[in-house]
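We just call them A, B, C, D and E in the order they show up, numbering each chain from 1.
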Amino acid sequence: KAPALAEPLTLWGIPASPSAVFARAVASGAIEAAAPGTKFDVWKSTDQMRAGIATGAFKMFATSTYAAANFHNRGAGTVMVNVVTWGLLYVMARDESIATIEDLAGKHVLLSNKNEAPDLLFRLVLGWAGLDPDKDVTLDYVGSPGEAVPLFLAGRGDVALLHEPAATAALMRAAKANVPIRRAIDITEAYGKHTGRGPKIPQVGLAVSEDFLEAHPEVVAAVHAATVDAGTWVLEHQQEAGKLTAKTLTLPAPLIAKSLPFIRLSVASAKDAREDIELYFDNLMSLNPAIVGGKKPDDSFYWG
Amino acid sequence: MGKRADRRGFRPVLFAALGIALLLVLWQVGHLAYGSLVLPGLGETAVALWRMTFAGEVGPALAATAFHAAGGWIVGALIGVLAGTLAGLVDDVRFTLRPVAIVLLGVPAIAWIVLALLWFPGHSAVVFTVAVVTAPIVFAAAAEGARSLDGDLAKMARAYRAPPVAMALDVYAPHMLSHLFPAFTATLAMSWKVSVMAELLSGVGGIGDGLAAARARVDTAETMAWVVVLVAVLIVVDRLLLQPFQRRAELWRETGGTAP
Amino acid sequence: MSDALILEGVRFSYGDVPVLAGIDLAVPTGGITTLMGPSGCGKSTLLAIVAGLLEKDAGRVERNFERAAIMFQDPLLLPWRTALANVGFALKAGRVPAAERRKRAGEMLVSVGLSEADAEKYPRQLSGGMRQRVALARALVTEPDFLILDEPFSSLDGDLARQMHSLVRGIVEERGVTAIIVTHDAAEAARISERIVTLSPAPARVAGAEDVPGPSGGR
Amino acid sequence: MGKRADRRGFRPVLFAALGIALLLVLWQVGHLAYGSLVLPGLGETAVALWRMTFAGEVGPALAATAFHAAGGWIVGALIGVLAGTLAGLVDDVRFTLRPVAIVLLGVPAIAWIVLALLWFPGHSAVVFTVAVVTAPIVFAAAAEGARSLDGDLAKMARAYRAPPVAMALDVYAPHMLSHLFPAFTATLAMSWKVSVMAELLSGVGGIGDGLAAARARVDTAETMAWVVVLVAVLIVVDRLLLQPFQRRAELWRETGGTAP
Amino acid sequence: MSDALILEGVRFSYGDVPVLAGIDLAVPTGGITTLMGPSGCGKSTLLAIVAGLLEKDAGRVERNFERAAIMFQDPLLLPWRTALANVGFALKAGRVPAAERRKRAGEMLVSVGLSEADAEKYPRQLSGGMRQRVALARALVTEPDFLILDEPFSSLDGDLARQMHSLVRGIVEERGVTAIIVTHDAAEAARISERIVTLSPAPARVAGAEDVPGPSGGR
């Protein structure tokens, strides 16, 4: 039997709705046997995550797949355990006329987090639709959804590119303020149509530090198993899942619950998802190879 | 006499209230112009503040941020005063520390927050961040204060063989305080902002957390409520701590102030 | 009688401008020596060298005294301290306890003719002559054995000046203090001092040194 | 003479270099202790900087940020000096503006960046943000400078009926500069940091963009390279612009400085 | 002959402390009036009221002159300006062009016995007496018709003081200027002035006003 954990494990979620899965995985008690006293928490910024990885304080944590690959390629010993969410990026519009990517021609797009995955994905699908991101649309970047949403609601831009739960938050706030906006385009659909593999972008999953994996493979396995069950549970109990996550995520439970149907929840081990992940990386790298650290990660990146 | 009493008691409060009223009016005008989505009204903000206070959200967050801000400010101000005084008195120290101060001031927090989190896990990372912003501003003011001391007074003090403590308290401090106070006021006010930002980056809790959460759910009223809490505390701290101290230190300038 | 102060060939220049061009002077212990000379000739500079506040460029300075006190030409009071605290400041070097400091400073202020109310005033609330007397009190309160006074009575009216003359003479005679006093008033010099040293215009040398007949008799 | 020449030319540079060397050593030590993921080494950073420079990334970003920082600083410093001087001279104005300054200093940028983006689209939002940080710090220093002016000198100037320009240039400015310079140095250094952060929030390009991109791909070497660019510019600006100006303004303090 | 200045029952107090307890004084146009009185009695305060720098609490002040210039008891030079610029500063009110300002300031500095090298010095590089003369030059350069001088010669040696006496007397006589001068030196007062006004100790009143027999004859 492997040695017991020196200290209780913390499962670090990302600050977004998919964390409901990890909250449930911990709350269900399924991990207790392998790792007694496991807690759930959420990191607030990538800096906090980077510091946690550097010190080894972050043993199992949710992160985007490309960031994990990047850490892996930089020798930080990061291994991808599974993928939890498969596409949560949407174009929000005021205008009824916008339904496809092609309709965006000549539009003013409000979006955030330049150079990060949402930005790159959007540029990809624009390109596939025959639009030049730098000419055929006006891209108006802001720092984060925190600025994008109020600006969009206040009338700036024709459409806004938002990921969950910001998209749901925008919709809820718009309803309250009587501003008609709607979810106009599902970027994941557009992506899937082009790749031919269906609407699947392996965006966020659970990662583990190499050292922890080596020392406690059974814990990792148990956590993965618990996550798989939690994924199913969350889809079936969206309201409860919202309540379960609300406090840690500091988002209202209804908001989380409403956002859950739009994040394509489905837990698959990294090895099972490898083809999709590699395709995703190939696509990202076609725009910016450095986003995953310059190369696709080797076999040891994929757990399962 | 009457005039002087005015200066101390009633008038400053009156005109400070005027300044605050001005800001509130601007705020409400902004609200009317842009709507709640950008700038919530005074009313909604008050309601949000009321609700948050009764939900017990404000107290702990305020305590955490106050601890971060005050701790960082005290550490930073202390280091700034000591290093700055030394730099003001010894040219070479000034030449050496000046680029260091510029680096501390010029490098954005996101560039070294990870390092700070490694060195000082948890709360101390925020305290450290605040100290790093405070110290160089106080340093610059202290250096100039020490440098600009009337050389003749220092000569006099040396001639009377004033011991170091007397030199510091009687000769340097009163002159330097005039340079230090504005730096103190500015950094004290900034310390809260910086600690809120560092809380956001390092995820250790405090008003920063509340602000981030309010933003995430596009609750502008709650966002403003947090800002109001912050500003209210700042103005009270300035009024109750800094201003009386400054008035006492500058008494000699004013007494018998009927002069032209 | 030994000499309290001996200067031999003392030279000094500010930058390239020579101010003292070789000063030879011996000040005997006890009694008052007055220093006269045209404005800008270097009297204050010489006093600063004697007090050790300026470093001579060349020559020899021999100081046969223990505790010097200097009163500058400008009062140089701490603007943020009351008259009392300014006088008390001089006693801080001797680690005199605070209460004792206040007492001695207060007494000395009375000696120079300032009231208790004046003692609590800040320098900017005092008249020019009052500031000068606070500076004088500050020099006297330390009970030095060597007194350096740079134009100590220039802003005082005749009566008050005479009172201060006897105060200083009294201290000099009672405690055997040596004093060197700059003045522009020949009558004053004759009245209070044993010896008058005159400097030539800058770059200064000693132009003359004469004993005053019946020094303290003139008072 | 020789000593004074030292003060001006060779020595400051030498000791500034010492300060910078010290920082570089600390940096490398940090790198060796924590590894590239936290703090890249001097070597990798230099390589990254080299590459970025040759790829033509640095120039335009630097120009954009320089424009934001300089523009915001000039606007903020101007407003700060004017408002501060007025506040220093008229008590009631000071009482009124003090809470306003505290609000400007204490409210984090994220709380009003949306408003700034609405009012001033594009670059001007960054300029505005920098001005908002600069103005209150300069204000506080200017207010104290104007307040602490020797009342007697002002009285003298009034007695000679000095016209307002002479009053400003001959009486107030030289005294106030001693209070203003530290605030100028500090805010100038901060202006770059603030403009980088505002660029991050508003996405208008400049070093902030580069920094964000480097962070997005966890390229710490490139992140540090940007920081190095920033700091280098700051130190050069300080050395070539601010310090000579300050030296000239304070000439009167030093000339003939053989005095004790 | 009309009076250049008339004071009637002028009262002044700093806070609750009365300093001037009803001053009645008429200064005739042309010639010099010296003001004497014990240290701290209120002479400088009175001058500030005459110059309009302090507001009287009660009484009447009638000023029958156009352009007053005041020399304060402290030199009050701008420390960041050279001697030349300090003197030139007084001319800025008259919108005199810069070159002309420099010329007139330079000439006036020569009149008070400062060299061209001294004119380029900053106040802290000047001796006490030199600073006093710069302040005097600053008052004289504006060509006032009413001169207010507060202890203008106190730090000057005898020869220089006499030179300055004749400079001031010359200006007073040539241009018909009225001057009011504070001094503690009775001999000086007798030598330069037509009239001596004496104040009593604070709270001050006019204790005496006597005409000097053969005013400028004493020189």
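FYI, a contact is a pair of C-beta atoms (placed from the backbone, for glycine too) under 8 Å apart; a residue touches a chain by one contact, two chains touch by 3 or more.
A quick map from chain label to UniProt name: B, D = NitT/TauT family transport system permease protein; C, E = NitT/TauT family transport system ATP-binding protein.
Fair warning: this is a prediction, and the values are worked out from it, not measured in the lab.
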item: Steps needed, at minimum, to go from subunit A to subunit C via contacts; value: 2
item: Graph separation of subunit A and subunit D (steps between touching chains); value: 1
item: Contact-richer chain pair (by C-beta pairs counted) among D-E and A-B; value: A-B
item: Centroid comparison with subunit E (C-alpha atoms), farthest chain; value: A
item: Centroid-based (C-alpha) most distant chain relative to subunit C; value: A
item: Rounded Å distance between subunit B and subunit C, as computed from the means of their C-alpha atoms; value: 47
item: Distance from subunit D to subunit B - Cα centre to Cα centre, in angstrom; value: 17
item: Computed distance of Cα centres, subunit B from subunit A, in Å; value: 38
item: Residues of subunit A touching at least two other chains; value: 50-51, 54, 146, 150, 154
item: Residues within subunit C bordering two or more other chains; value: 14, 53, 74, 124-125
item: Junction residues of subunit B, two or more chains touched; value: 34, 38, 110, 114, 118, 151-152, 155, 158, 200, 215, 256, 259-260
item: Footprint of subunit A on subunit D - complex, ascending; value: 34-38, 110, 113-114, 117-118, 200-204, 209, 212-213, 215-219
item: In the complex, subunit C residues that touch subunit B; value: 51, 53, 69-70, 72, 74, 76, 78-81, 85, 89-90, 92-93, 95, 121-122, 124-125, 138, 142
item: Residue ranges of subunit D touching subunit E (in the complex, touch as defined); value: 152-153, 155-163, 166, 170-171, 174-175, 252, 255-256, 259
item: Residue ranges of subunit D touching subunit B (in the complex, touch as defined); value: 7, 11-16, 18-20, 22-23, 30, 34, 38-39, 91-92, 95-103, 105-111, 114-115, 118, 136-137, 140-141, 143-144, 147-148, 151, 155, 158, 178-179, 181-183, 185-186, 189-190, 192-193, 196-197, 200, 211, 215, 223-224, 227, 230-231, 234-235, 238, 253, 259-260
item: Subunit E contact footprint on subunit C (complex, rising order); value: 14, 17, 36-40, 43-44, 73-74, 113, 117-118, 125-130, 133, 150-151, 154-161, 184-186
